[in-house]
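Please read the structure below before turning to the comments.
Chains here go by letter, A, B, C and D, matching the order in which they are written, and residues are numbered from 1 within each.
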Amino acid sequence: MVNAIPFSYQTTVVTKKQFDDHITLYNGYVDKTNEITKLLAANPEYSSANATYGHYRGLKKGESYAVDGVILHELYFQNLTSNTHANAPGKKMRHLLDRYWGSVDKWKEDFTACAKSARGWSLLVYEQRTDACRNILLDTHDEGNIATAYPLISLDMYEHAYFLDFGTDKAGYIKRFIDSIPWDVIEKRAAAVVG
Amino acid sequence: MVNAIPFSYQTTVVTKKQFDDHITLYNGYVDKTNEITKLLAANPEYSSANATYGHYRGLKKGESYAVDGVILHELYFQNLTSNTHANAPGKKMRHLLDRYWGSVDKWKEDFTACAKSARGWSLLVYEQRTDACRNILLDTHDEGNIATAYPLISLDMYEHAYFLDFGTDKAGYIKRFIDSIPWDVIEKRAAAVVG
Amino acid sequence: MVNAIPFSYQTTVVTKKQFDDHITLYNGYVDKTNEITKLLAANPEYSSANATYGHYRGLKKGESYAVDGVILHELYFQNLTSNTHANAPGKKMRHLLDRYWGSVDKWKEDFTACAKSARGWSLLVYEQRTDACRNILLDTHDEGNIATAYPLISLDMYEHAYFLDFGTDKAGYIKRFIDSIPWDVIEKRAAAVVG
Amino acid sequence: MVNAIPFSYQTTVVTKKQFDDHITLYNGYVDKTNEITKLLAANPEYSSANATYGHYRGLKKGESYAVDGVILHELYFQNLTSNTHANAPGKKMRHLLDRYWGSVDKWKEDFTACAKSARGWSLLVYEQRTDACRNILLDTHDEGNIATAYPLISLDMYEHAYFLDFGTDKAGYIKRFIDSIPWDVIEKRAAAVVG
């Protein structure tokens, strides 16, 4: 049983109306995750499992989509914060970004391009196998993730995230988000990577 | 710079010809990962970054596909082993499978259905956010992954993995794979999850 | 060289602001189609063509996405009309819908479910091979189309199509669209199917 | 109710074993198309229709995949023929290829690159809206199609199509296919385009 995290509105990136609609969608993913988990446990219909169509396959496709919907939105809402947060990378993040990107500014330039190119999400991840901090783009919640990547920053590029406030002005939304990254929150995530 | 791991043929799951062709494909993903990383560093063409088409977007789509191709194949080849390995789950894996699936046999039944329903990969993962051991199916290397999942077992269901030996007999291939899981290798991966 | 069709605002389904933002996106697809066609002609880089990553592959992925973006939006905008249009199916459409769905109301019920289930588009198509009028759902412009299907009705379910006016109220948007279908426009498309 | 077309082995492109395995897969798509059509008619569960997960959505995703699997395989098997067929484009196809590609050889060069870049299918289509003969690539049966395109030539690039005979030698398979195109069959398809 997955429980929704109660997020309150305290950001300057989007308006309250945009934020509230977004929370509605997020709660839907939490509900769907629980519904799917329950249906899989109750009656998976193993005997008709099939790669073209089957009841089980439909549930599994929904599972990765819903679970990723929960995870990525939570990371994103934790990135949408008020002015009380640190507005520059902490020691660990500065170390990571300098090492892989040369400088924080170079990383920002790449992350901006990544967000502009994404149809779903733009993420900064630490990828274990290749030992690299990569910006990756997802076209849907579960399309584009890397198997052993650990997400550090999560930016929702679905139209539902910004359309009420920014319309077709993607660049304006991306800039506002990057300028408002709560680096103290990200620093805590980095601890899982660099110890 | 990513280096290919040199795998030698020592499995009873597939023939040497099938294995060797597979290694050729794997090496291709390693090369592509390095090529893409180099191209992104040399000339990302940030100014034309776009979600419909752009040079940068093409590279990023190739990046997640190639990097996942490397990671999942390596986990898979490490799962294709000789008879010298443990043929039953160790303490940690037994604990995890009992906790989330009730029994090792119940997990096997679900993993079999998951593999039959997959167009790309069937994975057993530990998923952090929902604190669950889930079987997930990928339709391509980078479609279906969960952002905060840690892979424990990896089964390649692309046709290139089994077609030479099994033709359209998917079920035979899946059974052979599951019967040959080197549980001592998996136990080491589990340590990252349960400590 | 593809030219954008100049659409004027004359619908009761969405507001002018929503419509105008949508036209901006449509014009972007027309421009991208022309840019991609030009780049493919100028320098396709055949020698590095590859299914993981290649310049050519990136262009081809963009091509189907952009061309479908043009086609589906045009069919959609032609479906967004004023009150001067016929508000019931004509002879040909009634014949088709009765034959495949039993009644116009049964078709509406299914089309509504199809739209609710779609992440990109909901289409009514006549599919030649199976000789059937099917409602199909697309998750992106170019994911879910059927090779020999002929589109009759096109409903955009991307969030950019309705979010400004309806927020998370998908059902309200779908109902408004269906109630406003200009059946005289659809009747002309049906001529290509039933002669 | 869709009936499978009975194809007999009469090609020099692939071996009989490879062909027979492929026919088995094709028959599976015909069966799935009928199963899905029946399930949709029997109990579509409209009330739970949803874009994340729902019984209806699972069926619709299977529907486009299965129906495209039927259509594309049939066009492909009709392209796999014996030496009794015309080995050069007829009047209509020569006209189309000259007009859009400059020459038959230039088209072949592009189609080869398209096939190398595809994960599922490489198709030559006539696309109505942009009035162009385009080579398009599909990554799965239903990913990459263009809404108003009419398929003229269909080459299966799934690994199940060639792996038994060609292993990882994609280029060899593509060349063998192109050298064996039965142009008299294609000429008949072209009649639907140029009259």
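Everything below uses one rule, namely that a residue touches a chain if its C-beta (ideal position, glycine included) is under 8 Å from a C-beta of that chain, and two chains touch if they have at least 3 such contacts.
In this text the structure is predicted, and so the values were computed from the model without any measurement.
> Name the chain whose C-alpha centroid is farthest from the C-alpha centroid of chain A.
Chain D.
> With contacts counted as defined, which of the two, B-C or A-C, has more C-beta pairs across the interface?
Pair with the higher count of C-beta contacts: B-C.
> Mind checking the centre-to-centre distance between chain B and chain C? Centres are C-alpha means, answer in whole Å.
36
> Chain C to chain D: how many Å between their CA centres?
Computed value for the inter-centroid distance: 23 Å.
> Counting in whole Å, what is the centre-to-centre distance of chain A and chain C, each centre being its mean C-alpha position?
29
> So which stretches of chain A touch two or more other chains?
50, 54, 57, 61, 63, 119
> Tell me the shape of the graph of touching chains, choosing from line, ring, star, complete and other.
Chain contacts: complete, every pair touches.
> For a test of understanding, state which residues of chain B touch chain C in their complex under the given definition.
28-29, 32, 35-36, 50, 52-55, 57-59, 61-63, 65-66, 69
> Which stretch or stretches of chain A touch chain C in the complex?
Listed in rising order, the residues of chain A that touch chain C are 17, 21, 24-25, 119, 139-140, 158-160, 163-164, 167-168.
> Quick one: in the complex, what on chain A touches chain B?
Touching chain B: residues 2, 33, 37, 44, 46, 49-51, 54, 56-57, 60-61, 63-64, 67-68, 70-72, 74-75, 109-110, 112-114, 116-119, 123, 127, 129-130, 132, 134-137, 142-151, 157 of chain A.
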